[in-house]
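Following this line, the structures themselves.
Look at the two complexes coming up: chain A is in both, with chain B in one and chain C in the other.
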Partner chain A sequence: MRFINEVISGSYSLIAGLGITIKAFFSPIATVQYPREVIDITPSYRGHIEFVHDLVTGKPKCISCGTCAMACPSNCITVEGEPLEIKREPFHATGWPPAISIPSEKKKAPGYVERLERPLILFELDFAKCSLCGLCIEVCPENAIQFSKVYNLAGYCRQDSRIDLKNRFEEIS
Partner chain B sequence: MEISADRDGNTFYLNMGPQHPSTHGVLRVILKMNGEYIQEAECVLGYIHRMHEKIGESMFFSQFYAYMSRMDYLSAMAYNHGYTGLIEKMAGIEPPLRAEYIRVITVELNRISSHLVWLGAYLLDLGAFTPIMYAFDDREMILDLLESITGSRLTYSYFRFGGVCKDIDEDFIRGTRAFIKKMRSRLKMYDTLVTKNVIFIGRVKDIGIISQDMARRYGATGPVLRGSGIEYDIRKNEPYSVYPEFDFDIPTGSTGDARDRYLVRVAEIEQSLRIIEQALDRLPDGPYRTEIPPFIELEPGDCYFPVESARGEFGIYLVSNGEKRPYRMKLRTPSFSNLSLFNELTKGYMIADAVSILGSLDLVIPEIDR
Partner chain C sequence: MIVLPRLALSILMVLGFIALNGMMLVYMERKVAGHMQRRLGPMEVGPHGILQTLVDGIKLIGKQYIPPYKIDRPLYLLAPVICFVPVVLAFITLPFSEKLQVRDLNVGLLVIFALGSMTVLSLFMAGWSSNNKYSLIGAFRSVSQSLAYEIPMLLSVLSIVLMTNTLSLREIVEAQSPIPHIVFQPVAFLIFFICCVAETNRAPFDLPEAESELTAGFHTEYSGMGFALFFLAEYTNIVVVCATTTVLFLGGWKGIPLPFMQYTGVVWFLIKLYLLVFVMMWFRWTYPRVRIDQLLNLSWKVLTPLALINLVVTAVVLKII
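Moving on, here comes the complex of A and B:
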């Protein structure tokens, strides 16, 4: 009697399982054929960081202050700038050049701003160490960096993961 | 697996792992066998030790966010919650209510996705290949939802001191509601396909029975403890965040075997869905983040803050001496305690049952070694 019960319950659960498989067989396909079909990535996707394109000057907004390098938990950002210099530039109503202006009353000429500037020499990201935490982006005083949408990041050697953001920016623009 | 025989010829040693599909990572178990039966099971840890505690002590508080999600990669949100919760408690930061709700929603979604991975992988260990496909299909929906707000699919660093880094939008809410509806129907499907399957029942029923006393002795938490019938859940017993505002049950088992642990986890999926539903209904408007300086300092003192991750109690004990970096950080991870049951649990069982027991403990190795 026990044996018959087992056979019946066993066959029932087998058939119930097969029923689900058959149902899935006729349901829509859940996968995509990757290299031929690509699904859209979301707008909040985090690729490696890149410079924000400044709409006014067409240059990176970075003032090479180094805050991002200090905030990065993995020490993957290297920033180098030229020595500090005081620049006198015509003032754009749009807000460029940005905030760090020095208050020196007597030299002030109308329509001009003076600011401390450190032209950027090198901005290198070691992406192999980056954990995409987004801290560098949050601390940047100029909002000069953002996440890119690059996802094909395979390389042949460790050097491939070192990205020079300044060169990359110039190549793109 | 590697086999070496003892002198007397009856007992021999079997080396399971560190690269073995059923250990889910780099866990090595040295099994002392008598024929097909296990006499002794010694777990060897440390293959993926990364010194997270020490790293935490060498960093600014805000720099440690990203490391949290690398410990338990399956329920990273709960770990985020533990860390941000701790620092907020110590620094006296009050996150906005909306942020707390968003945290609960994302943590619970993450808990479901973690349980789904476990479900698929466990059945894969037991020799059933189909369920992992369904489980990953459902999990994909969660990952898409979380990716749309956090930008990452697995190792989220979404929480910040004083809130979350991005607000949720209408699309996310709509998608989550659709997911809840779908998941409810899928739970019925899992019930037919897995829970009632005779082969599955044969593999898990009365296997690896953890008595209440044993669970207490080893400090087991999470579904492993609740499977033995002890109603202990940090979300209820030591409430944090806005959990007291929600109505949910703590599912428990009766005998404490592998099947009970399975049932508890599946029931937890339903409870998480309930929490998410309530949180979406009551989601308050307002800011999602209070701005605080990026490099904060804490008052001297110490604090322990536990949260309920998908695997049990995760807690951080932090000692601050008033500097920008912690003086000491201790992480209590659930899988470490849960794994310590393994030796006593497997004595006298066959090797195929050891795989079933190991799977039912739901271990994540990077979290054990951390």
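Moving on, here comes the complex of A and C:
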């Protein structure tokens, strides 16, 4: 008797299983044809870091102070800047507070501002070491870096993971 | 005099059908699998990926033949051929329509089962000669499975033979002229179809080639064309067993009459055939693989007694009528 019960309940469960798969067969597709179709990235997605585009000057906000490189727990950021130099610029052109404002002792021409600047030579990120912790973004005094939305980050060699953010910024803009 | 050209044409048609059908079934299997898992399946090569199997086949032909160390070479080389030849031979007697049949043998059904049971020989040869423990375990399982499932299969067919009094496939189809045999013999149909799934080594009875346990079972050590022949034989075997089921239970080429019914009956035959193939794929993507003891229990404790009872009941009913 137990045997017959087993056969009947087993047959029922087999038919129920077939029902589940045929229902899936006629329901819409849940996957995306990846290289051709892309779904939206969530706003909290963290790609590698990139420079913030300054809307006024169209340049990176980076002042090459190197705080990010010091804060980085994996030492994956390299920042190099030229020696400090004094720049005279028309007042209206400086959209953001100058890097280090020096109240000039000398008489300066009206409408101009003088400031100390350290032009950026190199900003390199070794993405192979980066853990995307975001400390560099938090410590940046100028808010000059942010997470990008890049996700195609596979490469063919180790050098592919070294990203020159300055070149990248110039290429994009 | 017409015999030789007819034979040549038959060979061409059968081989063409096997090649095309193999490609189509692999594509169909992947598409069915995809949609049952709510994916799309192959989409890259050709529109909706229809050329995918062709490209895979070309890749397989181009692959190197790598014989493993210390194999039993003659057996190793013969196994794929012996696997492939019987399933091709089975097409001799399959009636696709009233006129589309290579030869109507009066022992057609017997020929099909005799050739079908040769598959197990080739699987055992492949597993034995490969010098690989996984292949050997696959071969052992294949033998015990085949032994277990041929008995209920033949017993269930016997009740059909009792009803029709013939072993010729054409006459069996003619015998179910108004009503197909599935109406009178639902139990026999169920047993026969389950045994067909087991005979073709398909999931949930794919123990001889269980991927997760035996890497690839008996064909672990085969590459290139050897593997391709096993693969093609497997898919052709599916068609052979489904065609046999169609002939025995679903009325073969019978259906709503079409013009030139003697030839166009093949349409109904293929529709029924591929419906059964779809059901087999449906099984594969629904059920998990059974254990070897469950497999043998099902055969010896459920299917064989049921088939015997069915046979006795059929005999008694036929005697009374």
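Just so we're on the same page, the second predicted complex is superposed on the first by the 142 of 173 C-alpha atoms of A that agree within 3 Å, B and C clash if a C-alpha of one lies under 4 Å from a C-alpha of the other, contacts with A are read in each partner's own complex, and residues count from 1 in each chain.
Simple rule for what comes next: a contact is a pair of C-beta atoms (placed from the backbone, for glycine too) under 8 Å apart; a residue touches a chain by one contact, two chains touch by 3 or more.
Keep in mind it's a predicted model, so treat the numbers as computed, not measured.
Annotation: superposed three-chain arrangement on chain A; chain B versus chain C shows no clash, the two fitting side by side.
Looking at the shared chain after the overlay, A:Gly134 reaches chain B, while chain C stays out of its contact range. In the superposed pair of complexes, A:Val7 makes contact with chain C only, with no contact to chain B. In the superposed three-chain model, the partner touching more residues of chain A is B, compared with the other of chain B and chain C. Of the two partner chains, neither chain B nor chain C is touched by A:Gly155.
Once chain A of one complex is fitted onto chain A of the other, the partner contacts of A:Gln33 are limited to chain C, with no touch recorded for chain B. Looking at the shared chain after the overlay, A:Ile22 reaches chain C, while chain B stays out of its contact range.
Shared-chain residue A:Pro119: touches no atom of chain B or chain C. Applying the stated contact rule after C-alpha superposition, one finds that A:Thr42 touches chain B and leaves chain C untouched. Taking all C-alpha atoms of chain B against all those of chain C in the superposed arrangement, the shortest distance found is 5 Å.
Put simply, chain A uses residues 17, 20-21, 24, 30 to touch chain B in one complex and chain C in the other.
Of all the residues in chain C, the ones that touch chain A in their complex are 32, 35-40, 43, 282-283, 285-287, 302.
Residues 6, 9-10, 13, 16-17, 19-21, 24, 30, 42, 44-46, 71-73, 131-135, 138-139, 147 of chain A are the ones that touch chain B when the two sit in their complex. Of all residues in chain B, only 59-60, 62-67, 70, 130, 134, 137, 140, 144, 147-152, 155, 157, 165-166, 189, 192-193, 196-199, 294-295 touch chain A in the complex they form. Chain A meets chain C in the complex at residues 7, 14, 17-18, 20-22, 24-25, 27-31, 33.
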